[in-house]
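The two complexes that follow have chain A in common; it is paired with chain B in the first and with chain C in the second.
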Partner chain A sequence: MRMISKFVAPEIIFGLGALSQVGESALRLGATKLFVISDPGVVANQWVDRAIARLKEAGLSFEIWFEVTSNPKDYEVIEGVKRYQDTGCDAILAVGGGSPIDVAKAVAILATNGGVIQDYEGVNKITRPLPPLLVVPTTAGSGSEVTQFAIIVDTRRKVKMTIISKSLVPDIAIIDPVVLQTKDARLTAATGLDALSHAIESFVSLAATPLTDVNALNAIRLVARYLRPSVACRSNLEAKSAMAMAALQAGLAFSNAILGATHAMAHQLDAQLDLHHGETNAILLPYVMEFNMIACVEKFARIAEAMGENIAGLSTWEAAERAIQAVRRLARDLDIPDKITVGNLSEERINNLAQNALKDACIITNPRDVTERDLHNLFALALKRGIQVD
Partner chain B sequence: MRMISKFVAPEIIFGLGALSQVGESALRLGATKLFVISDPGVVANQWVDRAIARLKEAGLSFEIWFEVTSNPKDYEVIEGVKRYQDTGCDAILAVGGGSPIDVAKAVAILATNGGVIQDYEGVNKITRPLPPLLVVPTTAGSGSEVTQFAIIVDTRRKVKMTIISKSLVPDIAIIDPVVLQTKDARLTAATGLDALSHAIESFVSLAATPLTDVNALNAIRLVARYLRPSVACRSNLEAKSAMAMAALQAGLAFSNAILGATHAMAHQLDAQLDLHHGETNAILLPYVMEFNMIACVEKFARIAEAMGENIAGLSTWEAAERAIQAVRRLARDLDIPDKITVGNLSEERINNLAQNALKDACIITNPRDVTERDLHNLFALALKRGIQVD
Partner chain C sequence: MIDDKARLIENLTGVRSSKLNYYVELKKRNREIVIQNRRLEIIHQLSRDINIDMSLEMIVQRVYENLPLVIPCDFLGLITLEGSELRLVATQPPLPCNGLVVPRNSVLWEIIRKQQEQVYLCIAGDGKLLEELPVRQFELNCLILDPLKVKQNIIGMLVIGTREKNIYSQNDLTFARQLADQLAICVQNRRLYEEVVQAKREWEEAFRARVQMQAQLVQSAKLAAIGEMAAGVAHELNSPMTVIIGNAQMLQRELVPEHPASQLLKDIVACGLRCKKIIQNLLTFARQEPPAVAPTDLNEVVERVLSLVKYQINRNGINVCTDLAPDLPRVAANGQQLDQVLINLLLNARDALEGVERERYIHIRTGVRRDENGRRCAAVTVQDNGQGISPENMSRVFDPFFTTKEASRGTGLGLSVSLGIARAHGGTIEVESRPGEGSTFTLVLPLEEDRS
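And then the complex of A and B:
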């Protein structure tokens, strides 16, 4: 634990039907015209329509823009901030998964701070206050609704840039589990395991504190108990509510305790191969846990307990191993493969992934010291490669 | 659990030596001249000197005012806001226990909203933004450093007014366990049991949510484990740190889940008889728990577990009773009496206490419905009265 730790969180409005508070919340933030950022899938499911109906009721203007892709890219941010400024907006509403929310944060940065998004990579590079930012997550996974993180792909360098600043914590997060019902089983599984990876990595992080630990552990408990039924049944609102809370608590934990090698590695694969971030994390996580185990065996034993394992009578080491087994079993039950299929990927590209992962901001708080060779070995374990020709 | 819940928290800076961040934090809030509110005991222990040394280093001006008493009073708020305005301050720093922090909140309200503090009694009466508010708690108890509550005595009516508003959440809470070392054993015990009463009342509150529950339960665990050693030894920094975290987490829990009958009753006794709020709560708590038990026996069983009781093999009801026994044993170990000695107090005054407690904002979230007669009976159980002459 660090000697002095910091903890930040947005105002949180949580519950079935919370989406109805979008208009009133925007008014409280002093918005007059909102730039609404989303993606085509969310728009198709009419969540944006429902949100803007509330903005209209509140007498607010808005401009909708939904050209955001997964693993959102620098050029999308450039386009977004141009639209924001051209249309005279003064606040931002994101309705979507981690991608639209992260783009909203990036647009907010450039709207008042100028420059290009690359200028803000790293920690605490933002100097001017951002426009009011209101977010409605439509997946239970990224946690971006409560975090001080935004992750944007630098398309030239093919790396995911991690931007960390207290300014990126949204002003208000409106979390309505009803919205989760339109996601299919595969996305529900991948995003739920993303939340689990946030909870586990932040719990064993070098920057963990008692405040982040209670959130991380409860997120682990909720994922272990409710992710399977949430994937199994779209209309199970108890499971959807629990998973929304799990993602939120995992977000509070990792926003303040940061992450570890799983994320440092996943960021590289996402950026280079445009994989689904949640699934990438889910596959990498047990390999990284095996590597990290000698650094935090007691914490792993507590993870096992939170995962619902019966650890009575076991040694700490045996209990810790149960944590890894429980993570593997959960992923298997949800049809997540145990390797990432990446086709032809040369040794040189693996080296390059390892080099970039070592530079990722998330590596700093990994509980076990990591070398480039360690990362190379971990990539080799987790990747299923075809014939190497490139 | 409510359908839609809200959660707010300040930015938190926590750890040994965190007091050193006062200057930098004030700068970040845009302060130029700080109104420093404290009390004579805190000033005598030089915590205010240490804080203002940091303000000076940061090039900030300040004005010190430390005429705050325990159970702070409306006329102190009037005096405070006059000084704040006459001296041209633009931000407030509170260094102290719950009393200076609550006065700071009340001064902040009047500084930008005008009127008298009575205008803001109740929920959400504040309309204009408050000046920047930075707080450094010097006790581990009130939780006011993170809450949306301020409690001020209306000296004419002799009631404690509860003021609740998101605006009252400080901008930054700086929590340095080192500062707790100058409090004597009795105050450490009383404030620590105040934190326990916050945690238990918010955990069983009708407005509890998973986010408040994890904070409440961890606060209970920390108090059960660390309050005795913290009272026993001033220099035990591990215990001081744990108790600072317990008070903080209990504050996060009750700020968002509100409290119950213990506080509704304690507020009346504090205001009428100027008792120590922490001690009053500590004595009332087990009586109120006995009354509330039929409403929340499962939650009481979880409290027993968090208090460190071995509940294996017990029925839920037996386990729940252990929670009350554990609270009584903790108070006894810390030399807290089991009754409040109030001298000559007529039936009519007891009736009056019960009537006012029924109007207190904290009664609304008590898990068991409460009548005036119930409150009368609870006061009768907890008070040790002399010959009744008045």
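And then the complex of A and C:
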């Protein structure tokens, strides 16, 4: 048990219509020209246009760049830094899901620290302050708007690099549930389950603290109660607000308590197969929970309670199992498959996935000690092999 | 393993990592800018000092005043490449070893030889280093060695040293490089300045010599004209002299020896013959022919020359005495040229005696002696008891156009031409003099048997 812990969070502006605070916030950070990073989907929804209108109102100039894909790649970062420097910007605004925010963090690193993004893989490799960073998340899931993480794909090695540093915690996170309305059902479901996996993994993490626990448990409660209505109805602003808060609290929890095996494994699959990160997590989570249960039965029982399960009169063990069932049921209700379907995945590739997952920073805080063999078995369980052919 | 995991978790979440702060960075940058400003000041000061005729010691001292504010520095040294030597020319704090030559096996020479321009970081005490530099004296631990380069050529080296260990950053090295570049310009400009001053001095000297030479050339042209005229006159005198002698001899034959006029006629014939002889010698001397070398008796040269100039010398109240070695071996020489040398020595002796109150004499000796190389030589010595030569002029008496005589009398060419003749014969002219007591000039010529 650690005697001293630390909790880091950005300034957070939360609420319906919070997007209107973008210009003022940028001014407070001392920005004069913002590098606005987004992705084509968000630009199409006009959230970027609204953000820019606020920048204009505040008398700020800007440069827009939105060539970011999901699972952001190292070469995109190179392009972004070049654009940032060529256009003489002095602050960064990311509008979008986890990908544009992670790219924004990576661009910020290279803008003041130089080098290539691979230089910063790992923990605490950043030596200089980053340019002011504002983020406006448009999905409720990644938590990147409040975390000290950035995940970038090294396209040569085909791995997701995890970059961890307190410097990556954005300066200001502006969270406006209104923007969640434009997400389709599938994306809403996937990102919501991503937030759930963040909350559950950080709750059982070896580095969990009372401050992270409170955030994690509340996030679990909110997801269990509001994800279904949020997926079901786009315009349900109550559900959207709750999911935005869930994603935020899950982010605060895992940024400070870190994650576990689910994410260590998901990072590998995403990088190798370019899958949707939220969905991958949703599928892997129950398998990892089953594996981890013996390490923290009590906590699992509390998860079950938070998920709204009636555990009265149950043994701790039975209650803990209810947590796993509840996660499975939620995924099923949202049409998330219970296996990952890929074509002809060889034994060798699974070995490779297991080896890389063992090196992922997230594995360190997994509540149960993990071996390469354990990871191999978990991958084997979650992958429905040989059914679909490439 | 467990500790390792705890440490990793601590890294991920713990209190030791922190968000880097712009204000801290700003303060750091401000400090750097202040240092950078001081550095620029130093470089600016250097570029200003170039204009002043400032010694290298002064320049190094000025740089050292501010240097420790911007770079760890307990010692500053300037080494210059002079010809084939590396020399420590200025240090701060000042050292008595200024001017010290850097030994060939030093690491400094290695850098110069490789013509490498980048800055070197040396850690003191690593064997190769630098006993020649005051590393020990100042207990230096780190040294920056920075070659001074001007247009592809290394002209020296800047040495910055400190007692601190492993202290120099990349930033420091960059600054050292800039400082060295500026200093290289300083050193080079100083050199050019010195060269200009030197060239000016030489030019002025050459100009003065040229003016003097021109005057003397006019004078020698005049002398040549007079000489030619004298030869003509001598030639013209030959015929009347023949008539005088012939007529006197005819009269002599007609007179009995007891006749009172007989003695007078005898004197007329003798004087006539003597005149003829003088005329003959003068014509021989004046004749411009390529020098012919023949066995020459120095005693005869003395006799011949005396017949030309003895009268003049005697007329000045100077006593000429000779002490000629009998059986003097002959030397292979051009008689006429030796005549010229001896006439010169005699006339110089005569002039040196002018205004001398005591009884004046010129003493001519011949003899055999050994020269400084041990060769057997014949020598003619002309000694006078005149005014002598002052010590400051001793080294210049053989310089062309050097003369202490008034313009109407000397050309300053006599001794220089004479030395030329002596050298052409494989010999030399030695000179000894005591101011107020007199001078001795000796023409030394190697004997024939030894010349091969």
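To be clear about the criterion, the second predicted complex is superposed on the first by the 385 of 390 C-alpha atoms of A that agree within 3 Å, B and C clash if a C-alpha of one lies under 4 Å from a C-alpha of the other, contacts with A are read in each partner's own complex, and residues count from 1 in each chain.
FYI, contacts are C-beta pairs under 8 Å (C-beta built on N, C-alpha and C of every residue); 3 or more make two chains touch, one makes a residue touch a chain.
Note that the structure is a prediction, hence the values are computed from the model and not measured.
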item	value
Which of chain B and chain C A:Thr139 touches, first, second, both or neither	neither
Which of chain B and chain C A:Ile164 touches, first, second, both or neither	second
Partner chain(s) touched by A:Asn124 [first = chain B, second = chain C, both, neither]	second
Chain B versus chain C as contact partner of A:Ser230, first or second or both or neither	neither
Touching partner for A:Pro210 - first (chain B), second (chain C), both, neither	first
Which superposed partner A:Ala361 touches (first chain B, second chain C, both, neither)	second
Which of chain B and chain C A:Ala9 touches, first, second, both or neither	first
First (chain B), second (chain C), both or neither touched by A:Asn218	first
Residues on chain A lying within both footprints (that of chain B and that of chain C)	2, 4-6, 8, 166
Contacting residues of chain A [partner chain C, same complex]	2, 4-6, 8, 123-124, 126-130, 164-167, 169, 206-207, 256-258, 361, 364-365
Chain A-touching residues of chain B, taken from the complex the two chains share	2-9, 11-18, 21, 166, 209-211, 214-215, 217-218, 222, 245, 248-249
Contact set on chain C toward chain A in their complex	5, 8-15, 17-22, 24-25
